[in-house]
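Which chain is which? They are A, B, C, D and E, in the order written, and residues in each are numbered from 1.
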Amino acid sequence: MTLTIVLLGAAALIGIGLYGALSQQSFVMLMMGLELMLNGALLAVIGFWSLSLGGMPEGQLLAIIVMAVMAVEMAIGFALVVAIYRKRQADMTESIGTLKG
Amino acid sequence: MTDLWVALLALFAVWTGWRVFRVDSMVRASFSLMLSFIAVGAIGVLLSAPYIGVATVFMMAVEMMVMAIFMVMFMMNPAGLNPMVMVHQHRLSIGAGVVAALSLGAAVLFSRPPDDAVRAEADVVAELGHELLGPSMLIFETAGVTLLATMVGAVILSSRQGRFGAADEGSRPPGLSDGGAPAGRQPEGGGGHHHHHHHGGHG
Amino acid sequence: MIWSLAYLPALAGQAIWALGGPRGRVATLALGAAAVTLALAVAVGGRTGAFAWSDAIALQAALPPLAQAVAILVPAVLGPIILFAASHEDAAGLPRLLGLMLVFTGGMELIVIAADLVTLLIGWEIVGACSWALIGHKWRQQAPGLSANFAFVMTRAGDLGLFLAVMATFAGAGRVGYDALGALDGWAQALAAFGLLLAAASKAGQVPFAPWLFRAMDGPTPVSALLHSATMVAAGVYILARLHPQLSGAPGFAATAMVVGLGTAILGGAVALRQGHAKKLLAGSTSAQMGLMIATVGAGYPVVAVLHLIVHATTKAALFCAAGLAQGVTGSFDLKDMRLGRRVPVAAALAGVAALSLAAVPSLAGGWSKEEMVKAVEHAGPFWTAAMVIAGGLGAAYATRFWVAAFGPGDDDAPAVPRGEIGALSALALATLALSALWLPAVHDPVASWFGIALPEGSILGQVASLTAVAIGVLAGLRLARTGLEAQSRDWLGLPELYQRGVIEPFHALANTFARVDDAIVDLIPRGVAGIGFAAAGRLSRADDDAIDGLAPVAARRVGRGAVALAVRSTEALASLGAGIGERLSDLIPTASGRLTGMAGADLRGLQTGLAHHYYTILTVGIALAVGLMNFGG
Amino acid sequence: MLTLAVLIPLLAAAVLALAPVGAGAARWTATGAPALSLLALIAVWAGGGEGFRAVSEVPWIPTLGIAWRVGVDGMSLALALMSALIFVAASAWPMELHHPRSYYAWMAFLAGVSIGLFVTLDLIIFYVFFDLSLVGMYFLIGRWGHGEAQHAALKFFVYTLAGSLLILIGIIVLALNMPEMTFDMRAIIDSPPLAAAGMVPGLIFLAFVVGFGIKTPVFPVHTWLPPAHVNAPGPASAILAGVLLKMGTYGLIRIPMQMMPETFARWALPLAVVGVISILWGSIVAFAQDNLKRRIAYTSVNHMGYTVLGIAVAGSALGSEAARQMALTGAVVEMIAHGLITGALFLVAGAVWQRAGDYHLPNFGGLAGPAPRLTGAATLAAFASLGLPGLAGFVAELHIFLGTFAVYPWLGAIGLLGILITAALFLRMIRQMFFGDMPKERAGFTDLTGTETALLAGLLALVVLIGIWPAWLLELIDAAALIPALGPGG
Amino acid sequence: MPIGDLAPELTVLLTAVAVLLLAMVLPQRRHGWCAGLAVLGLGLSMALALGQAGAERLTFSGTYALDPGTTWARLAIPGLAILCAGLAPRWLATDRRHGEFYAMLLFSTLGALAMAGAADLMQLVMGVLLSSVTGYVLAAYHRDWEISLEAGMKYFLVGALANAFLVIGVVFVMGIAGSTDYATLSGQIFEDPLALIGLTLVLTGLFFKLGAVPVHTWVPDVAEGAPVPAAAFLTVVPKLAGAVALFRLVHLAPGLAALPLLIALVAAATMTVGNLTAIWQDDLRRLIGWSSVSQTGYALMAVAVVGVAPMALPALLGFMTVYGLANVVAFAVVAELRGRTRIADYRGLLRARPGAVVALTLAFLSLVGIPPLAGFLGKFALFSATLGTGFGWLAVVAVANTVVSLFYYLRVIAPAVFAAPEGPVETLGGLARAVLWISVAILVGATVLWAPFWASLGQGLLP
């Protein structure tokens, strides 16, 4: 029961995150959407580890990996945003539309 | 009791997650996101994963602080604190989010995960340590290398000054002739549509 | 040895063409080649030969008496014609002309010696091709080229019959020898017999193929003489006579042959009777005479037909030489301008012999062989005999008319001296006279026994009727020639009226309808596609207006030409349709798919908007589809 | 020996591509290489033998059953000989060119590729050469053609590549269905796979027919041919029509007919109908063309229609053995004859282009005066093409029609119309070109040079020889050995 | 822990660190030396991999597989990376962080290796992540050139979402199946919808690396915008690794009928979208990008028949190798021509730069699959693997696509060969030219070397 609630929460977080990723114009807000999706993944993995998989150690490892992914993506993302902002004073996805077709 | 707390915290996490895109400034948004993470971290603590939970809380607190500062300091001054609505393809996004959440929820309801709760006496932190330095060492090490590479990459991309002066000077493709302009598509007029046009306090 | 009969003249002809030289040398060489061929034809009688291509196909040759007679006839007639050509034609093209005539003779000899259908087909088509080259001899002028093409296509249309015969024979018997032809039965036999009849009719200028003979008149006179006497046209009759034993078993063959033959004989006679162009008059008469022979073959007397063929060859060659001679004097073939009796009295006399023979006047060779043919046809029944008699009467009429109009005594008496032409003419006329000896039983009995047949017996009534018809014909010819050569009154035997009402007017209506349809289609045609077909059709209609009076022969000719014109036009239309719409349709396969691909490419390119949130949308939709497939698609 | 015949031209191509030689030397290199190949092939011919002879084999990818296998039977030897001969004539044909060295390099390359295609006994090598011929011809047309050359070359390449890929699929399925995967033609012919009825053999057969049909080409996939011809230089057209088209019909015999005889027999009638349609369509459309090369090009569709008809009949498993052999003999002779005749016709067209820069027939006339040798060659070739007896085309068409009529009488009878229309169109062409008045702009038109005359005379002499005495060729082809043994009723 | 099992990977890692250190001490104009060091390290790694070529076992507690697939990746990936590294020194000569480029290249190579050998979903995630983050940096390396930054940013945006999905997928799979270990997962029938969703999301993550529909959108942008050496690297190396990883993953679920169908549909969609979109491109680099999307589609044909066709793995590996070579040759031509990329600028280039045009033609004809170039053998292997299974229709789709692809390749070659030359053409020269000719030589030689190469490719993978 608890697991289901946790997983439903995770599903909701993933849905909201996806909404954010799709709808936000600002790079930073967009990344928040991605973070939220990963937050959902984190919630799910905690739930699975604790309530379903008998606390197997790989579960914790996966949680750490989820965090690592978040951190790594954020770091590189911010670096890119900085670089682009410096060249173009642009912080929105619409402003990088040169490459197309 | 724990279950109730877990449920409430999950609800809180979702609610704060929702707030991220509802509040009218990026700083508030990042604080909402932080709250959502903290809620998940708390669930972790409640569900016998203290290390993960605490790590989440700390890590995300720091990250969100960085993000907030980042926005205030570096980005769109003064937009970081200003109210804003900056969305596109809004209905489609709502639809996608709802469909994703509903179908995942349905999948959750129709799935039969194993039913094996963590033993109360387990020393989960020690087990994690053993796992990291034992069977999953390769994964852990790869993660370490990834973090290293990320740091190097982030520095490369974002640093202003390098050993030899401006870090990005001359970092462009060679021209068709020596010293000429790079071939191919040219950038569109220096960030012509600046974001200031897109949001100006209508939010 | 027997093959040399075919390839010797052919090679000699090519050599003469290649060597060229002055008039005298060329003529001498050509005469020599003709003489050698003649000698060979005499020498190789009864021999056979075979030349294997493969296990399945071997070319075979044989020379039974019937064939040998024709084999001798061909070079014999060729000789005087060479003589005529050498003095009559321009020196410039003479080596080519004589050379091609020799090649042509070689082809004809190949037809004669053939003992299997493939060999026959080879000779048949070579003769056609040579006739093309000969008719188009004067290539700098427009008309001969068009006429040559017309003649070749027309005769090749008939050749398809021969192709069908070969195919049917091979399909039915697994072999293509003449013996296999006799072994056929059922549909294969019918197809072979009627295919051959078709081929023969086209070569022999029978209805509905007759028009090509007129077009062939655009060739030089020696060519006409050769074509209409011993070769090409004769080939049609010859092959029916040669293969009569094998073909006569096919049901309906005999009757069809007789209908075609006698029909052409009467229509052709009428055509000749109304003609004002000397050579075309003779051409019409050739159709008619060949019709008589084909009818005789149909009646079951191939040897009689061949005998008439021989007689007719010398006669007709002489008359063509005479016509050429007359044209040499007056500068045209228009009978109105001739009446040369006083200017070229010797030629007139010699032509008279030939004309009387053609008219089938007794005591001359033509008279004998024609009477034999009448006797032969009597065996088929009275109606056939009646038609034969009428045709004979028409023959007497047009022969007489020709002579009187061309060589009757005229006003001008300034002498003209054609030398070589007179030589050729006298040789041919003398040959006709010599053949008149066939009237004597002492002559014709051994001939018949050499051929191994008995001559037909006829009734007195038939003889009388036939001779009466000839007499009437001669008188009518005299009168026709005297009353002038312009259009005659329309009530001649009521036939013109009948044709006008029954055939010509309906046909005009039909032609107009087709023309409108054609115009509609022509609009679709890119300019300039028309070319030969339209030119030919245009010329046909003009020739119609110029040369034909709207009388009985018109019907035959219009039907024939109309059919050709229709065929040409419909082919043309189809061709244009093919070139236009059809090609575009088949080109749709690559271009349409190419264009669709290109459009799809352009559309898909639009998907790559360069905007990240669109990329996200694509990704999300893709995942949704994939998840759906994974959950519900298995 | 056969390997040599393939390698010599390819080596010559490499030399020409890399070594800086002059135009004259390049031309003689490109002529000499196929001439040497011709000698090698004649040596093989003189060696005699039955079935596949002069066989040699070098492994390439043994695990997949792919090897460099060469060997010839009568049909392929005859075609290889003919190809080498046409390449000699086309390379020696005098041309005024930009970049002659590259041009002759491509010519030599194509020569090696074409000969290789006919002498190989490995399906993959066959496919390799099949595709390489497209590449070579693409660059020849695109670079040295005139008018819309690039577009034509592109259409040619893309369209025929589509066909060749279908063939590749077919080849792979054939090999996969062998007991042990192999691409050895002999093995597959000896024990044909995919004998059962069903969808897969039918589809594979369809792939082969479409693939080879495009290359052949047959109606309605022929539309790449006219533009390719019109815009190609004369000798390239001669090669395209004389050699490359034969690859389609050769493949049709070698692969679907010999390697899947049961399926072929099942589908022979539709194929024969396609052949007849091509015969009629090609001739009728050719009749309406005003462009010299387009007209000749469409007659190729017509003639290849005869060939396809003959092949379809041969593989029909109906009628008598003799009739089928007859049809196949005719089909192969038609390939040789068409190669020589149309090669000659396109060389004539090339000569006309070099002198007049024009193909529009109504702009011509009266050329028999200034150019009697050209007239003679064109007339002889045209008559050969319209199937005049005594010339090679007749031998072919006679055999095809004899065989066809014994199996499919109606198709034979309908197909006959083709020879009538062909006659009309060629005579019309000759009249338009050579007879009548000569337009003013054609003044100064010169006759064939000595070299040109000699080359055409060589080709046409062979046409006449085959027309009069075909026994040696028929014996060489040995159609009886080509027709696969098949139970009655297939 | 047999540390020696990972000697090739460790060599790459240590070289990367060494390059980083070297770049710190070298003066700026000597940074090209870092390329030398990188090449040495990669070469050493290949040599070590060759030493372990026969290995067939799981190592590091089942998280890493030593098998034919890994061996191939350990040879092909560093090999192609060497070629890409060779293009860089002249190209990046003016860059102030020139040396670090090679470090990132090496890290990215390491990520690809980690991905290719991963026998555990978590290891796979880390491999993908390492490969991706370094990839973003490589794509955006021209920090003074907005086009490059845009390419990097788009690569990142697509990659971040795809990686998020990948992680979510791994969580779901582990949650239901109880493990992330391939050996444990192998053969487990995935029935629960959550597990199926998880599997699909994991596949999506790999589709991102492969540039397959629907995650193909980054490929053309990176091909056009990234520095040419990086573009060559990013359109080749991650794909090679992704292909092996995908093969391993699909191998795990033999009973899942929808999985091959999904792969087949993705393959068809990928090749079609790639080819059709490439048709009207007028930028050569972008055209190559789209063509490489379509090539991914062809490669996926082999994945669709995993477990059905015995030749599936060799076909995949063989095809990817020659694809990678041909693609590197094409980019090497662009590099040698100093980034000349508008198709119109290639008009008449045959006169001015015959070598470059010949190389480009060879590369393109190989990509089309014109025999006897190795690209044909690759496609031949794919067709052979696909025909005879239920996915024969894929071969027909591939045929149609190949015909279309010929059209756009010829759109570049035809004007280059047929048109009259225009203006002078400068080249990059130096190592770039050497790399061009070395890679052309390998590409051409591959035809002859195919037989032993093919024989050495393994038939199966460890879980």
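As a working rule, contacts are C-beta pairs under 8 Å (C-beta built on N, C-alpha and C of every residue); 3 or more make two chains touch, one makes a residue touch a chain.
Keep in mind it's a predicted model, so treat the numbers as computed, not measured.
Steps from subunit A to subunit B, taking the shortest chain of touch contacts, total 1. Steps from subunit D to subunit E, minimised over paths through touching chains, total 1.
Interface comparison, C-D versus A-E: the higher count of C-beta contacts falls to C-D.
The innermost chain, defined by the distance from its C-alpha mean to the mean of all protein C-alpha atoms, is D. Among the remaining chains, C is positioned farthest from subunit B, on the basis of C-alpha centroids.
One finds 76 Å separating the Cα centroids of subunit C and subunit E. Subunit B and subunit E have Cα centroids separated by 28 Å. Remark: subunit A and subunit C have CA centroids separated by 94 Å (rounded to whole angstrom). As a whole-number value, the distance joining the C-alpha centres of subunit A and subunit D reads 64 Å.
Multi-chain contact residues of subunit E (touching two or more other chains): 122, 126, 129, 133, 136-137, 140, 143-144, 146-147, 150, 152-154, 157, 161, 175, 178, 193, 196-197, 220-221, 224, 281, 407. Among all residues of subunit D, those that touch two or more other chains are 158.
Along subunit A, residues 14, 17-18, 21-23, 25, 30, 47-48, 52-53, 58, 61, 65, 68, 72, 76, 80-81, 83, 87-88, 93-94, 96-99, 101 each make contact with two or more other chains.
Counting only pairs that meet the touch rule, the chains in contact are A-B, A-C, A-E, B-C, B-E, C-D, C-E, D-E. By the touch criterion stated above, subunit B contacts subunit E in their complex at residues 103-104, 106-108, 110-114, 134-139, 142-143, 145-146, 148-150, 152-153, 156-157, 162-178, 182-187. On the subunit A side of its complex with subunit E, the touching residues are 14, 17, 21, 27, 30-31, 34, 37-38, 40-41, 44-45, 47-48, 52-53, 56, 58-59, 61-62, 65-66, 68-69, 72-73, 76-77, 80-81, 83-84, 87-88, 93, 96, 98-99, 101.
Subunit B meets subunit A in the complex at residues 2-3, 6-7, 10-11, 13-14, 17-18, 20-21, 26, 29-30, 33, 36-37, 40, 43-44, 47-49, 51-53, 55-56, 59, 63, 67, 70-71, 74-76, 86-90, 92-94, 96-102, 104-105, 107-109, 113-119, 122, 124, 127-128, 130-132, 136, 139-140, 143, 146-147, 150-151, 153-158, 160, 168, 185, 187-188, 190-191, 193-195, 198.
Taken in their complex, subunit B has these residues touching subunit C: 88-89, 92, 96, 99-100, 103, 107. Here subunit D touches subunit C in the complex through residues 155, 158-159, 219-224, 281, 284-285, 287-290, 319-320, 322-323, 325-326, 329, 361-362, 366, 368-369, 383, 388-390, 394-395, 398-399, 401-402, 404-406, 409, 412-413, 416-417, 419-421, 423-424, 427-428, 431-432, 434-437, 469-471, 474-475, going by the rule given at the top.
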